[in-house]
Amino acid sequence: MHVIIDLCVVPLGVGVSVSPQIAACQRVIQASGLEHHMHAYGTNIEGSWDEVMAVVKRCHEVVHEMGAPRITTTIKLGTRTDREQSMSDKVESVESRLRDSP
Amino acid sequence: MHVIIDLCVVPLGVGVSVSPQIAACQRVIQASGLEHHMHAYGTNIEGSWDEVMAVVKRCHEVVHEMGAPRITTTIKLGTRTDREQSMSDKVESVESRLRDSP
Amino acid sequence: MHVIIDLCVVPLGVGVSVSPQIAACQRVIQASGLEHHMHAYGTNIEGSWDEVMAVVKRCHEVVHEMGAPRITTTIKLGTRTDREQSMSDKVESVESRLRDSP
Amino acid sequence: MHVIIDLCVVPLGVGVSVSPQIAACQRVIQASGLEHHMHAYGTNIEGSWDEVMAVVKRCHEVVHEMGAPRITTTIKLGTRTDREQSMSDKVESVESRLRDSP
(Lines give C-alpha, C1' and ligand atoms only; values in the text may rest on other atoms or scores of the structure.)
Protein backbone atom coordinates (compact mmCIF):
# COMPACT_ATOMS: atom_id res chain seq x y z
CA MET A 1 0.00 0.00 0.00
CA HIS A 2 1.47 3.31 -1.20
CA VAL A 3 1.00 6.29 1.12
CA ILE A 4 1.58 10.05 1.11
CA ILE A 5 1.84 11.58 4.57
CA ASP A 6 2.34 14.99 6.09
CA LEU A 7 4.39 14.65 9.29
CA CYS A 8 4.72 17.30 12.01
CA VAL A 9 6.71 16.22 15.09
CA VAL A 10 6.52 18.52 18.15
CA PRO A 11 8.87 17.82 21.08
CA LEU A 12 7.70 19.08 24.51
CA GLY A 13 9.85 19.88 27.51
CA VAL A 14 12.83 21.08 25.43
CA GLY A 15 12.14 24.82 25.48
CA VAL A 16 10.68 27.07 22.83
CA SER A 17 13.05 26.28 19.95
CA VAL A 18 12.49 22.88 18.41
CA SER A 19 14.64 23.16 15.29
CA PRO A 20 17.40 20.80 16.59
CA GLN A 21 14.80 18.03 16.91
CA ILE A 22 13.19 18.86 13.56
CA ALA A 23 16.60 18.81 11.87
CA ALA A 24 17.24 15.38 13.42
CA CYS A 25 13.94 14.14 11.95
CA GLN A 26 14.95 15.54 8.55
CA ARG A 27 18.15 13.49 8.76
CA VAL A 28 16.09 10.37 9.52
CA ILE A 29 13.87 11.11 6.52
CA GLN A 30 16.82 11.81 4.22
CA ALA A 31 18.55 8.61 5.33
CA SER A 32 15.46 6.62 4.38
CA GLY A 33 15.84 7.58 0.74
CA LEU A 34 12.08 8.27 0.53
CA GLU A 35 10.74 11.16 -1.56
CA HIS A 36 10.05 14.12 0.74
CA HIS A 37 9.40 17.86 0.83
CA MET A 38 9.75 20.06 3.92
CA HIS A 39 7.44 23.04 4.33
CA ALA A 40 6.85 25.55 7.13
CA TYR A 41 4.52 23.26 9.12
CA GLY A 42 5.71 19.73 8.45
CA THR A 43 7.21 17.41 5.87
CA ASN A 44 5.48 15.46 3.10
CA ILE A 45 6.83 11.90 2.72
CA GLU A 46 5.83 9.30 0.16
CA GLY A 47 6.48 5.57 -0.15
CA SER A 48 5.25 2.17 0.94
CA TRP A 49 3.17 2.17 4.14
CA ASP A 50 5.67 0.14 6.14
CA GLU A 51 8.72 2.16 5.08
CA VAL A 52 7.02 5.50 5.77
CA MET A 53 5.71 4.36 9.15
CA ALA A 54 9.16 3.05 10.11
CA VAL A 55 10.48 6.58 9.47
CA VAL A 56 7.82 8.09 11.74
CA LYS A 57 8.70 5.65 14.53
CA ARG A 58 12.43 6.30 14.08
CA CYS A 59 11.78 10.07 14.38
CA HIS A 60 10.10 9.52 17.77
CA GLU A 61 12.97 7.30 18.94
CA VAL A 62 15.64 9.79 17.85
CA VAL A 63 13.89 12.81 19.39
CA HIS A 64 13.47 10.96 22.71
CA GLU A 65 17.16 9.92 22.55
CA MET A 66 18.04 13.64 22.18
CA GLY A 67 16.38 14.19 25.57
CA ALA A 68 12.82 15.23 24.77
CA PRO A 69 10.62 13.62 27.46
CA ARG A 70 7.42 14.06 25.47
CA ILE A 71 6.43 14.28 21.80
CA THR A 72 3.12 15.10 20.17
CA THR A 73 2.94 14.45 16.44
CA THR A 74 0.30 15.22 13.84
CA ILE A 75 0.10 13.07 10.71
CA LYS A 76 -2.15 13.38 7.67
CA LEU A 77 -2.07 10.21 5.66
CA GLY A 78 -3.55 9.41 2.27
CA THR A 79 -3.95 6.15 0.38
CA ARG A 80 -5.81 5.43 -2.85
CA THR A 81 -6.54 2.32 -4.85
CA ASP A 82 -8.07 3.90 -7.97
CA ARG A 83 -4.77 5.09 -9.43
CA GLU A 84 -1.15 5.92 -8.69
CA GLN A 85 -0.54 9.50 -7.64
CA SER A 86 2.73 11.01 -6.43
CA MET A 87 3.17 14.11 -4.27
CA SER A 88 4.10 16.16 -7.33
CA ASP A 89 1.06 14.80 -9.23
CA LYS A 90 -1.17 16.16 -6.44
CA VAL A 91 0.32 19.64 -6.61
CA GLU A 92 0.37 19.62 -10.42
CA SER A 93 -3.32 18.63 -10.68
CA VAL A 94 -4.29 21.73 -8.69
CA GLU A 95 -1.82 24.03 -10.42
CA SER A 96 -2.96 23.00 -13.90
CA ARG A 97 -6.53 23.92 -12.94
CA LEU A 98 -5.32 27.31 -11.71
CA ARG A 99 -3.49 27.90 -15.02
CA ASP A 100 -6.55 26.88 -17.05
CA SER A 101 -8.94 29.24 -15.24
CA PRO A 102 -7.02 31.55 -12.95
CA MET B 1 7.26 2.55 23.13
CA HIS B 2 3.78 3.23 24.49
CA VAL B 3 1.58 5.56 22.43
CA ILE B 4 -1.76 7.34 22.70
CA ILE B 5 -3.27 8.32 19.36
CA ASP B 6 -6.35 10.07 18.09
CA LEU B 7 -7.44 8.48 14.81
CA CYS B 8 -9.84 10.00 12.28
CA VAL B 9 -10.31 8.00 9.06
CA VAL B 10 -12.15 9.76 6.20
CA PRO B 11 -13.11 7.69 3.12
CA LEU B 12 -13.54 9.65 -0.14
CA GLY B 13 -15.61 8.65 -3.15
CA VAL B 14 -18.26 6.82 -1.12
CA GLY B 15 -20.84 9.61 -0.83
CA VAL B 16 -21.66 11.91 2.02
CA SER B 17 -22.34 9.33 4.74
CA VAL B 18 -19.22 7.63 6.03
CA SER B 19 -20.62 5.83 9.07
CA PRO B 20 -20.45 2.32 7.51
CA GLN B 21 -16.68 2.76 7.07
CA ILE B 22 -16.25 4.30 10.53
CA ALA B 23 -18.19 1.41 12.08
CA ALA B 24 -15.89 -1.03 10.26
CA CYS B 25 -12.87 0.74 11.75
CA GLN B 26 -14.46 0.52 15.20
CA ARG B 27 -14.77 -3.25 14.70
CA VAL B 28 -11.07 -3.41 13.80
CA ILE B 29 -10.20 -1.42 16.92
CA GLN B 30 -12.45 -3.54 19.16
CA ALA B 31 -10.98 -6.75 17.73
CA SER B 32 -7.48 -5.53 18.64
CA GLY B 33 -8.35 -5.53 22.34
CA LEU B 34 -6.64 -2.14 22.75
CA GLU B 35 -8.06 0.48 25.09
CA HIS B 36 -10.09 2.98 23.05
CA HIS B 37 -12.69 5.76 23.28
CA MET B 38 -14.77 7.02 20.34
CA HIS B 39 -15.78 10.68 20.26
CA ALA B 40 -17.53 12.88 17.68
CA TYR B 41 -14.38 13.51 15.61
CA GLY B 42 -12.24 10.40 15.98
CA THR B 43 -11.20 7.62 18.31
CA ASN B 44 -8.50 7.62 21.00
CA ILE B 45 -6.47 4.38 21.05
CA GLU B 46 -3.69 3.43 23.44
CA GLY B 47 -1.09 0.66 23.44
CA SER B 48 2.33 -0.31 22.14
CA TRP B 49 3.45 1.61 19.02
CA ASP B 50 3.48 -1.46 16.79
CA GLU B 51 0.08 -2.76 17.88
CA VAL B 52 -1.58 0.63 17.51
CA MET B 53 -0.02 1.27 14.10
CA ALA B 54 -1.08 -2.19 12.91
CA VAL B 55 -4.66 -1.19 13.77
CA VAL B 56 -4.36 2.02 11.73
CA LYS B 57 -3.04 0.07 8.73
CA ARG B 58 -5.79 -2.55 9.07
CA CYS B 59 -8.41 0.23 9.09
CA HIS B 60 -7.10 1.50 5.73
CA GLU B 61 -7.10 -2.02 4.30
CA VAL B 62 -10.65 -2.74 5.47
CA VAL B 63 -12.06 0.58 4.24
CA HIS B 64 -10.47 0.05 0.81
CA GLU B 65 -11.86 -3.52 0.75
CA MET B 66 -15.33 -2.03 1.37
CA GLY B 67 -14.90 -0.11 -1.90
CA ALA B 68 -13.55 3.29 -0.89
CA PRO B 69 -11.06 4.29 -3.62
CA ARG B 70 -9.41 6.95 -1.48
CA ILE B 71 -8.85 7.58 2.23
CA THR B 72 -7.45 10.59 4.04
CA THR B 73 -6.68 10.07 7.71
CA THR B 74 -5.61 12.43 10.46
CA ILE B 75 -3.66 11.07 13.43
CA LYS B 76 -2.43 12.82 16.56
CA LEU B 77 0.13 10.69 18.32
CA GLY B 78 1.79 11.15 21.69
CA THR B 79 4.71 9.36 23.35
CA ARG B 80 6.51 10.18 26.57
CA THR B 81 9.52 8.73 28.37
CA ASP B 82 9.29 10.67 31.66
CA ARG B 83 6.40 8.65 33.08
CA GLU B 84 3.55 6.31 32.25
CA GLN B 85 0.28 8.04 31.46
CA SER B 86 -2.93 6.44 30.26
CA MET B 87 -5.76 8.11 28.33
CA SER B 88 -7.84 8.34 31.51
CA ASP B 89 -4.85 9.82 33.41
CA LYS B 90 -4.70 12.62 30.81
CA VAL B 91 -8.37 13.50 31.19
CA GLU B 92 -8.23 13.16 34.98
CA SER B 93 -5.22 15.51 35.31
CA VAL B 94 -7.19 18.28 33.60
CA GLU B 95 -10.46 17.54 35.41
CA SER B 96 -8.81 17.58 38.84
CA ARG B 97 -7.43 21.07 38.09
CA LEU B 98 -10.90 22.21 37.07
CA ARG B 99 -12.34 20.86 40.35
CA ASP B 100 -9.62 22.53 42.43
CA SER B 101 -10.13 25.98 40.88
CA PRO B 102 -13.23 26.00 38.74
CA MET C 1 -22.68 28.02 9.28
CA HIS C 2 -22.77 25.33 12.01
CA VAL C 3 -19.47 23.62 12.79
CA ILE C 4 -18.16 20.71 14.85
CA ILE C 5 -14.46 20.94 15.69
CA ASP C 6 -11.89 18.92 17.54
CA LEU C 7 -9.43 21.25 19.26
CA CYS C 8 -6.01 20.29 20.61
CA VAL C 9 -3.93 23.19 21.98
CA VAL C 10 -0.24 22.45 22.73
CA PRO C 11 1.79 25.12 24.57
CA LEU C 12 5.57 25.02 24.00
CA GLY C 13 8.28 26.38 26.28
CA VAL C 14 6.35 25.65 29.49
CA GLY C 15 7.89 22.31 30.40
CA VAL C 16 6.57 18.81 30.01
CA SER C 17 3.24 19.17 31.85
CA VAL C 18 0.66 21.18 29.96
CA SER C 19 -2.42 20.48 32.07
CA PRO C 20 -2.58 24.01 33.61
CA GLN C 21 -2.90 25.47 30.11
CA ILE C 22 -5.38 22.81 28.99
CA ALA C 23 -7.51 23.44 32.08
CA ALA C 24 -7.48 27.17 31.26
CA CYS C 25 -8.75 26.36 27.75
CA GLN C 26 -11.49 24.19 29.25
CA ARG C 27 -12.59 27.19 31.35
CA VAL C 28 -12.73 29.32 28.18
CA ILE C 29 -14.82 26.65 26.47
CA GLN C 30 -17.15 26.23 29.47
CA ALA C 31 -17.60 30.01 29.73
CA SER C 32 -18.70 30.10 26.08
CA GLY C 33 -21.74 27.95 26.85
CA LEU C 34 -21.05 25.88 23.71
CA GLU C 35 -21.69 22.14 23.67
CA HIS C 36 -18.35 20.36 24.24
CA HIS C 37 -16.75 17.02 25.17
CA MET C 38 -13.17 16.59 26.38
CA HIS C 39 -11.29 13.40 25.50
CA ALA C 40 -7.71 12.24 25.95
CA TYR C 41 -6.37 14.09 22.89
CA GLY C 42 -8.51 17.22 22.53
CA THR C 43 -11.98 18.63 22.97
CA ASN C 44 -14.97 18.48 20.61
CA ILE C 45 -16.85 21.79 20.39
CA GLU C 46 -20.01 22.53 18.42
CA GLY C 47 -21.79 25.76 17.49
CA SER C 48 -21.86 28.58 14.98
CA TRP C 49 -18.60 29.10 13.05
CA ASP C 50 -17.94 32.54 14.51
CA GLU C 51 -18.65 31.56 18.12
CA VAL C 52 -16.50 28.43 17.93
CA MET C 53 -13.61 30.26 16.26
CA ALA C 54 -13.79 33.03 18.86
CA VAL C 55 -13.27 30.33 21.51
CA VAL C 56 -10.21 29.00 19.69
CA LYS C 57 -8.71 32.51 19.47
CA ARG C 58 -9.49 33.18 23.15
CA CYS C 59 -7.70 29.93 24.09
CA HIS C 60 -4.53 31.14 22.33
CA GLU C 61 -4.77 34.54 24.03
CA VAL C 62 -5.27 33.01 27.49
CA VAL C 63 -2.44 30.48 27.13
CA HIS C 64 -0.04 33.22 25.97
CA GLU C 65 -1.17 35.39 28.91
CA MET C 66 -0.25 32.46 31.22
CA GLY C 67 3.31 32.78 29.93
CA ALA C 68 3.55 30.26 27.10
CA PRO C 69 5.76 31.87 24.43
CA ARG C 70 4.63 29.50 21.69
CA ILE C 71 1.53 27.45 20.90
CA THR C 72 0.87 24.85 18.22
CA THR C 73 -2.73 23.80 17.81
CA THR C 74 -4.38 21.11 15.73
CA ILE C 75 -8.02 21.54 14.68
CA LYS C 76 -10.32 19.21 12.77
CA LEU C 77 -13.38 21.07 11.56
CA GLY C 78 -16.52 19.78 9.89
CA THR C 79 -19.39 21.58 8.21
CA ARG C 80 -22.31 20.17 6.23
CA THR C 81 -25.19 21.67 4.31
CA ASP C 82 -27.19 18.51 3.58
CA ARG C 83 -28.61 18.15 7.09
CA GLU C 84 -28.21 19.12 10.72
CA GLN C 85 -26.02 16.80 12.74
CA SER C 86 -24.88 17.25 16.33
CA MET C 87 -21.81 15.71 18.00
CA SER C 88 -24.00 13.12 19.69
CA ASP C 89 -25.75 12.32 16.37
CA LYS C 90 -22.32 11.50 14.88
CA VAL C 91 -21.42 9.09 17.66
CA GLU C 92 -24.92 7.58 17.70
CA SER C 93 -24.91 6.91 13.93
CA VAL C 94 -21.78 4.76 14.31
CA GLU C 95 -22.92 3.07 17.53
CA SER C 96 -26.28 2.08 16.06
CA ARG C 97 -24.47 0.37 13.17
CA LEU C 98 -22.29 -1.51 15.65
CA ARG C 99 -25.38 -2.64 17.58
CA ASP C 100 -27.13 -3.76 14.38
CA SER C 101 -24.22 -5.89 13.15
CA PRO C 102 -21.56 -6.15 15.85
CA MET D 1 -1.81 38.05 16.86
CA HIS D 2 0.27 36.73 13.94
CA VAL D 3 -0.38 33.13 12.91
CA ILE D 4 1.07 30.50 10.58
CA ILE D 5 -1.36 27.77 9.62
CA ASP D 6 -1.37 24.64 7.53
CA LEU D 7 -4.78 24.21 5.90
CA CYS D 8 -6.13 21.00 4.35
CA VAL D 9 -9.73 21.18 3.12
CA VAL D 10 -11.40 17.86 2.19
CA PRO D 11 -14.81 17.97 0.47
CA LEU D 12 -17.00 14.85 0.90
CA GLY D 13 -19.79 13.69 -1.37
CA VAL D 14 -18.17 15.03 -4.56
CA GLY D 15 -16.47 11.87 -5.77
CA VAL D 16 -12.86 10.82 -5.61
CA SER D 17 -11.23 13.82 -7.30
CA VAL D 18 -11.21 16.92 -5.16
CA SER D 19 -8.87 19.14 -7.18
CA PRO D 20 -11.64 21.48 -8.45
CA GLN D 21 -12.49 22.35 -4.85
CA ILE D 22 -8.83 22.66 -3.82
CA ALA D 23 -8.17 24.96 -6.78
CA ALA D 24 -11.13 27.10 -5.68
CA CYS D 25 -9.60 27.36 -2.19
CA GLN D 26 -6.27 28.38 -3.76
CA ARG D 27 -8.07 31.21 -5.58
CA VAL D 28 -9.57 32.35 -2.26
CA ILE D 29 -6.11 32.29 -0.67
CA GLN D 30 -4.49 34.13 -3.60
CA ALA D 31 -7.24 36.77 -3.56
CA SER D 32 -6.52 37.43 0.13
CA GLY D 33 -3.00 38.63 -0.69
CA LEU D 34 -1.65 36.61 2.26
CA GLU D 35 1.71 34.85 2.03
CA HIS D 36 1.10 31.17 1.20
CA HIS D 37 2.76 27.97 -0.04
CA MET D 38 0.91 24.94 -1.41
CA HIS D 39 2.36 21.48 -0.84
CA ALA D 40 1.13 17.95 -1.53
CA TYR D 41 -1.04 17.76 1.62
CA GLY D 42 -2.22 21.31 2.31
CA THR D 43 -1.29 24.96 2.10
CA ASN D 44 0.71 27.08 4.55
CA ILE D 45 -0.78 30.54 5.08
CA GLU D 46 0.60 33.35 7.22
CA GLY D 47 -0.86 36.65 8.46
CA SER D 48 -2.98 38.19 11.19
CA TRP D 49 -5.27 35.76 13.02
CA ASP D 50 -8.48 37.39 11.81
CA GLU D 51 -7.41 37.65 8.16
CA VAL D 52 -6.20 34.04 8.03
CA MET D 53 -9.33 32.71 9.74
CA ALA D 54 -11.54 34.71 7.36
CA VAL D 55 -9.80 32.88 4.49
CA VAL D 56 -10.52 29.49 6.09
CA LYS D 57 -14.21 30.39 6.51
CA ARG D 58 -14.41 31.69 2.93
CA CYS D 59 -12.93 28.38 1.67
CA HIS D 60 -15.74 26.44 3.40
CA GLU D 61 -18.37 28.79 1.98
CA VAL D 62 -16.98 28.54 -1.57
CA VAL D 63 -16.64 24.75 -1.50
CA HIS D 64 -20.24 24.37 -0.23
CA GLU D 65 -21.40 26.81 -2.97
CA MET D 66 -19.71 24.51 -5.52
CA GLY D 67 -22.05 21.75 -4.33
CA ALA D 68 -20.07 19.83 -1.72
CA PRO D 69 -22.58 18.82 0.96
CA ARG D 70 -19.91 18.11 3.56
CA ILE D 71 -16.38 19.31 4.31
CA THR D 72 -13.82 18.06 6.80
CA THR D 73 -10.78 20.29 7.28
CA THR D 74 -7.57 19.84 9.22
CA ILE D 75 -5.68 22.91 10.43
CA LYS D 76 -2.37 23.20 12.24
CA LEU D 77 -1.97 26.65 13.70
CA GLY D 78 1.01 28.27 15.39
CA THR D 79 1.37 31.51 17.31
CA ARG D 80 4.34 32.85 19.28
CA THR D 81 4.94 35.89 21.43
CA ASP D 82 8.70 35.55 21.98
CA ARG D 83 9.71 36.73 18.53
CA GLU D 84 8.55 37.26 14.97
CA GLN D 85 9.00 34.28 12.70
CA SER D 86 7.81 33.92 9.10
CA MET D 87 7.13 30.69 7.22
CA SER D 88 10.46 31.01 5.40
CA ASP D 89 12.26 31.68 8.73
CA LYS D 90 10.91 28.35 10.01
CA VAL D 91 12.18 26.40 7.02
CA GLU D 92 15.51 28.28 7.00
CA SER D 93 16.17 27.59 10.71
CA VAL D 94 15.99 23.84 10.04
CA GLU D 95 17.91 23.98 6.74
CA SER D 96 20.78 25.96 8.25
CA ARG D 97 21.16 23.28 10.93
CA LEU D 98 21.25 20.61 8.24
CA ARG D 99 23.94 22.54 6.34
CA ASP D 100 26.02 23.01 9.52
CA SER D 101 26.00 19.33 10.46
CA PRO D 102 24.53 17.27 7.67
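Letters A, B, C and D name the chains as they come in the text, with residue numbers starting at 1 for each one.
Here is the rule we use: a residue touches a chain if its C-beta (ideal position, glycine included) is under 8 Å from a C-beta of that chain, and two chains touch if they have at least 3 such contacts.
None of the values given here were measured: they were computed from a predicted structure.
Participant: When contacts are scored as defined above, which chain pair ends up with more C-beta pairs, C-D or B-C?
Facilitator: B-C
Participant: If I list every residue number at the interface of chain A and chain D, are over half of them used by both copies, so same, or under half, so different?
Facilitator: Answer same: the two copies use largely identical residue numbers here.
Participant: Calculate how many whole Å lie between the centre of chain A and the centre of chain C, each centre taken as the average of the chain's C-alpha atoms.
Facilitator: So the centre of chain A lies 25 Å away from the centre of chain C.
Participant: Using CA atom averages as chain centres, what separation in Å is found between chain B and chain C?
Facilitator: 16
Participant: How many angstrom lie between the centres of chain C and chain D, each centre taken as the mean Cα position?
Facilitator: About 19 Å separates the centre of chain C from that of chain D.
Participant: On chain B, where are the residues touching two or more other chains?
Facilitator: Correct list: 13, 16, 69-70, 72, 74, 76, 78, 80, 82.
Participant: Taking the complex as given, what residues does chain A use to touch chain D?
Facilitator: Interface residues on chain A, with respect to chain D: 4-6, 8, 16-17, 19-20, 22-23, 26-27, 37-42, 44, 46, 74, 76, 78, 80, 82, 87-88, 90-91, 93-95, 97-98, 102.
Participant: In the complex of these two chains, what residues of chain D are touching chain B?
Facilitator: 10, 12-13, 15-16, 18, 69-70, 72, 74
Participant: Quick one: which bits of chain A touch chain B in the complex? Just the residue numbers, please.
Facilitator: Counting only chain A, the residues touching chain B are 1, 13, 49, 53, 57, 60-61, 64, 69-82.
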